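Below, chain A partners chain B and then partners chain C, in two separate complexes.
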Partner chain A sequence: MIVAERKSLDEILAMLQGCSRVLVVGCGTCVTVCMAGGEKEVGVLASLLRLAAQREGRTVEIGETTIERQCEWEFVDGLAPGIRGYDAVLSMGCGAGVQTIAQRFGGVRVLPALNTKFIGIPEKQGMWVEMCLGCGDCVLDRTGGICPVARCSKGLLNGPCGGSQGGKCEVSKDIDCAWQLIYDRLASLGRLDLLEAEFAPKDWSKNRDGGPRKVLREEVML
Partner chain B sequence: MKSRSNLEWVLAAGHFALTGELGPPQSASAEVIRKKAEYYKGCVDAVNITDNQTAIVRMSSIASAAILAGLGLDPIMQMTCRDRNRIAIQSDILGAYALGVNNILCLTGDHQSFGNHPTSKNVYDLDSVQLIHMVRVMRDEKRFLSGDELKAEPRMLIGAAENPFADPFEYRVVRLAKKVAAGADFIQTQAVFDLPRFSRWMQMVRDRGLHERVYILAGVIPVKSARALEYMKNEVPGMSVPDELIRRMEAAGDPKEEGVRIAVETIQQLREVPGVAGIHLMPMMWEAIAPVVAERAGLLPRPALPAAGLAPASEGPPAGA
Partner chain C sequence: MESSRVVVVGAGVAGMSAARSLAAAGARVTLVEKGERLGGMAADYACKGTDRCNKCNVCLVHELVRDVKSRPDIDVMTGCTVDWAEALPSGGYRLKVGGREVGCSAVVLATGFEPFDASARPEFGYRVHPAVVTALDLEKALRDGGGIGERFGRPIGSVAFVQCVGSRDLQQGRGYCSRVCCMYSLRMARAVRHRHPSAEVTVFYMDFQAAGKDPADLRRRAETEDGVRFVRARPSEVASAPDGRAVVWFEDLDGGRCRPAEFDLVILAVGTGPGRDTRTLADMFGLGLDESGFFAPADPGDATATGVPGVFVAGMCRGPRDIAESVADGERAALAVLREEAARRAGQRLALSLPVGTWPGRRVLRGQPETIEVSSTVLVLGRTVEGMEAARILSDLGCRAVIVGEEAHPDGSSGLAHSLLARVDEDSSIDVLAGGRLVRLDGQAGGFRATIEGPGGLVSEICAGALIVATGYRREFPEAARGLAGRACVVGLSELGESGVPWAVGEEHRKGGGGRRAVIWVGVRPDTARAVFRQAILAALSALAAGWEVYVLCPEVAVAGPGDEELYLEARRQGAVFVKYEEEPEVQAGSALRVLVRDPCLGAGGAGDDVPGLLAIDADVLVVAEEAYPPPDAPELARVLQVNTGPLGFFQDDNVNLLPVLTNRRSIFAVGGCRGATGVADAMADAHVAAYLAARLVGTGNLHVDWATARVDQDKCALCLTCVRTCPHRAVGVDDEMRAAKISRAACWGCGVCTSECPGKAIALESCSDDEVLARVRPAVTAFCCDHSALIAAQAAMAGLAADDAVGDLNIVSVPCTGKVDIIHLLKAFERGAEAVMVAGCFDEGCHFLSGNRRALLRVGQAASLLKAVGIEPERVRFYHVGPDMSAAFLEAAQETMQVARELGPVMRRRAG
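Right after this comes the complex of A and B.
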């Protein structure tokens, strides 16, 4: 899933300066699961915005709504009735959600309430970890299903650097060395031979190749 | 010969090699380089020039190495993958060679979070194995990484690092083998304080016959105090420092003298390990101690070039390139 985290209230209030009618829009997909921008979080943020206004003696109107997915037109279209009555839309979706709403509603100010962090998983309650960088050229078949591009601090492809010790990364003892994990997993699979061959330089044109990447599939086009 | 490197000549002639290390200043002062270079004249075969080590901004290794070459020393330009992509690295290698640099040490590079610009974006477009491979292709196949023809190739001796004290221990020799296959001519290791572990690693190196395909220079750091050792043990990732060594430094009346003694003893022990072709001395901003350690370890005088000088590299000297 896409994992996100809410911006600080101060940052959000600074963005909303001068707005008295704000629509807070949640998203029912990834950010609901990672507890950053679902219906509950919309309720909490809306209350915080009302309280902040009350403390400052301002009158505000904070609308609340949560749609199934902010990154799909059919759900974003549902915001059409009433959205233009607001000074700003505060999206609690990921970066794709914010931009989809902005693209659909020209002339409406759409602001991000979240910082979109990464593609990851909930490793345990209250903790999410990055798993994929979306590099566009998956190498997991050669690395035991553990991604060095996303999970090694240096994105190394030819094994651990000299800073790997006791299974931890040189950057912090809180970070597992991805290459130690890869080594252990390939050892358990009896496939350490995969680590003998040199990994050629990565083709980064599949990751950042001028402008947004596109996926075209003619067989499903209308 | 692959290059006009003095280090290559020393190693190829079968001498036990000695390299030093010089950290460029956090300033634009060439004078600092010249002063530190004095300590190394006649005392080592080649001098590593660090590349913004621990991610702290310093004078570039290329410029510092060129200054050193101008003083008649043989610089080993360190090149990390942290700050440059494949375009910049190839460009810098061409430039460094044109300025008289005949050795390169290919490194991954310390993560930027250690340094004084922790909010910077790292590059790591290549890793150290890929960097070694790229330099070898430039030198031996006269091609850029793209495959395009390279008319005047950089004839550099290619070095790499390996750390026998990092994990996974069993994998370290595999990584060394990858570096050798990619084209490394010589290896400098992380500083050896833990001789038993180094010896176990060297056994694995010999089991694979790697010591016959690459020159291995064992790293040695002369330390000034017990605190310095403790710092390395606890704060520097990938170091192994036995407690008994720390206790020995603590008990010493003159810790600096004890540090030199330990370095000298370590060098003598490393010299006995089959497959070790030389020592890489890393004085860590205590360059003045290098000649003292070299002298007392019996490594002076250094082998002098034959009167005729280095034979030109097969494709001609840099001036004609």
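Right after this comes the complex of A and C.
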């Protein structure tokens, strides 16, 4: 899933300067699951915006709504009634959600309440870790199901660098060396032979090199 | 039981527990109490929570009182005694109670105890010296709040507890241990230190009599965190110093002389004796008393039965026991009444009533009633004596029991085990899958599906409504003696067998022909010592009888069980030498066994010795008492069951609300050794209570759920699994068909933790939805109070005074658990104009729902940091631990919160200019 994190209140309050009518929009999919922008977080943020205004002696009107997915035209359409009455829409969706709403409603100021961080998993309750970079050219078949592109700090493809110490990455003691994990996993699978094959230089044209990416499937198009 | 009436005499802990349990099982109950209020002696006790719950169990008393009062099917008669009783020819009794005649099918006597009158020991100066008070006086002072010094009109720079006042005292005719005083003094010492951090506390004691899950930890905390000093001495006198302080005279083990020590306050830990009415009632019903004057059990296996049909005894009137044990005793007495009723209607299935809101100790909100079909089979894990006993009781109560697992028995129970094996074998309602192992558990309370892997990998599935975990414990030599295992002439205490086994077993280990000297080393944790010390003394006695010389080495003499002190004294009379060591003994290697141990009592006599008091004992046999550890597969089984483990890795959280046999999952019970209750008597008591509760829950095949539960709006659910992970009771699963979370109504305890954790706001608690909570939040300083603790304290505090005078306009919002308090509730309160908000709930490890208060503490911290982020003072939101009897503490907390509100003023600033 996409993992996001709420921006600091200072940052949010600064971008809302001069807005007295704000609609906070949550998203019921990834950011609900990662506890950053679901209905509950909408309630919390809306409450805080009202309190911040009270504190400064301002009056504000903060609307609250949560839609199923901010990245779908049909769901975003549901915002149509009333959205233009607000000075700003504060999206608690990921970057895709913010842009979908902005694109759908020209003339409406749409602002991000979250920083979209990565594709990852909740390693445990309250802690999310990055697992996938969306590089467009998956190599997990050759690395024991552990991604060196996302999980090696350098994105190395042919074994660890000299900074791998005691299974940890030199960038931080909190980061496992991905190549150590790959080695251990392949050893336990009895497939260390996979490491003998060299990785060719990565074809980054499948990632950012070719500009914004697009997936097109004519067989499902209308 | 439809039309039966049961009279319970005595509304103390055991009596209230029996009454509640009987009423819940469908009996009409008359509860007769001599005093004017419910609760008995325990109603005066104080919660001894400090920064954490110290497991004193006093909160259970307040809950019991509230439960009993709220039940229309319990007829409470206070200020009454039983004037006469007449046995009816048809069975049952006619009683004269408070001028009324009451007919009943059974009588439960729970008349409690009488504390020792400390003035009967004039040398301690009670009622003479103003610095001398009893532990009961201190209970009341702690309960009423405020300074202890002010209460007694004294400074309290130094405080002494004198143990065993009226206990283990043959001169007073009380040659038995009162069982509860060591633990209550330990907890009080902590409570005193908590309120007066500069007080120095000393405890004068003979032997530490432990109780509870991890008593050694509590003592360690008292010693290291609170600096409580334990001095092994039995003071002879408390005298007056010229400056008005009290002088405790005691024998100093180091100097070997009688020595004075001055204290500002001396607390006499008074023991417990039979109640005043015990003799009268015994005569009235023709019951036997033991030598100490308590009701004597007719059958040790069925401790609440008296041998007289229709008459049962429970609680302290049949011997000293603590609050948790008394609650369990009440349940056992209720079970005994029901079993007798069943036997009377021979051939009929026991008409257990449905457990309408009877989940023990748990007052819950009412929800939409629903009857769920459940399996009345109960799966018993472990072919231990406790497991087999539970199965036997279940069979009596009309349930089918399936026992799975290996044999394992507590010490000294092989005879019992054999008779149980035979009974289980011939009982057609009990199936045994010997050697089976639970590898997977699906489903929820009432409808578990257990996957059992049998010998040879054969896999079978059993549907069960409830589970009783009775996997026993593992015995191993204590760490200090571990190297001795397997050595010649070294034998484990449990290998000696029961008391009847001749000491000849020692002969085999004896070297050569001459020596006949045995050392019995009981170097185990206090909780194990409580269970095995009796075995050690019995072994000593049988060795003495066989002409052996016996030394018993132990850090403490554990004699809290019935008859244990007498046995101990008998062993000493016959010449057994008890060495209470401070440092672990050393066993020297070589062809002979030489045990080196230092006896602090001999400290002064050892002039010229390198180590004063060092004994060198050449032993022919060394008997080592084994330490109890959780079964080796406990972690794996706990994972499969999703049941929490507590201190030392035994099953069950260390939370008083689960005692004796509940776990974090409804309808999974832990009994006996696997939960750390390693003594046979405790294990059997557990088996009875668990079987009774399981039968009450699923025995009829229908479970009537009328308590409020949380429900998922499955359309809104994003299946993020937050509820699955955070539910303290593991009541949430995944509905594969709906692709949404699903909460089992049978398994849900109704705390509301999931509702305040759900990021999609897709869960609501019946009878306490977020809208309902928010509707009660008005523009005033708000206190969210746990229904089980702070609310009771708040109500008592507000009833006693003109509340507005004391705290002003405080808006009390009750919640079933502080875990129900959502971050949004806290913020909304401020939005609506509260200047400050407090959340008040149970002590850590004392939460009625296990961990809701920890969630609330996180929530308050989160609210504080969010408020700070928008420029609002974080100290406006506060968390307090308040026990149900701590009305004074509640008032203090409320006043502090109001003070913060006054000082900081409204959140909303006036517009500039």
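Brief remarks on what is shown
The criterion applied here is as follows: the second predicted complex is superposed on the first by the 220 of 222 C-alpha atoms of A that agree within 3 Å, B and C clash if a C-alpha of one lies under 4 Å from a C-alpha of the other, contacts with A are read in each partner's own complex, and residues count from 1 in each chain.
Keep this in mind: a residue touches a chain if its C-beta (ideal position, glycine included) is under 8 Å from a C-beta of that chain, and two chains touch if they have at least 3 such contacts.
These numbers were taken from a predicted model, which means no experiment stands behind them.
In the superposed model, A:198 makes contact with chain B only, not with chain C. By the touch criterion stated above, A:9 is placed in contact with chain C alone, chain B being left untouched. Judged by the touch definition given at the top, the superposed model places A:52 against chain C, while chain B stays out of reach. In the overlay built on the shared chain, the residue A:160 is in contact with chain B alone; chain C does not reach it.
Of the two partner chains, chain C is the only one that A:29 touches; chain B does not reach it. By the touch criterion defined above, A:18 lies against neither chain B nor chain C after alignment on the C-alpha atoms of chain A. Legend: residue contacts after superposition of the two complexes on their common chain; A:212 is shown touching neither chain B nor chain C.
Once the two complexes are overlaid on the shared chain, A:177 sits against chain B while remaining clear of chain C. Within chain A, no residue touches chain B in one complex and chain C in the other.
Residue ranges of chain A in contact with chain C, taken from their complex: 8-10, 13, 28-29, 32-35, 38-41, 43-44, 47-48, 50-52, 54-58, 66, 125. On the side of chain A, the complex with chain B involves touching residues 153-172, 177, 179-180, 183-184, 192, 195-196, 198-202, 204. Contacts from chain B toward chain A in the complex involve residues 81-82, 86, 108-111, 113-114, 122, 124-130, 133-134, 145, 161-163, 165-168, 171, 174-175, 177-178, 181-182, 190, 237-238.
Taken in their complex, chain C has these residues touching chain A: 716, 718-720, 722, 725-726, 758-762, 822-824, 827-828, 830-831, 866-867, 869-872, 907-912.
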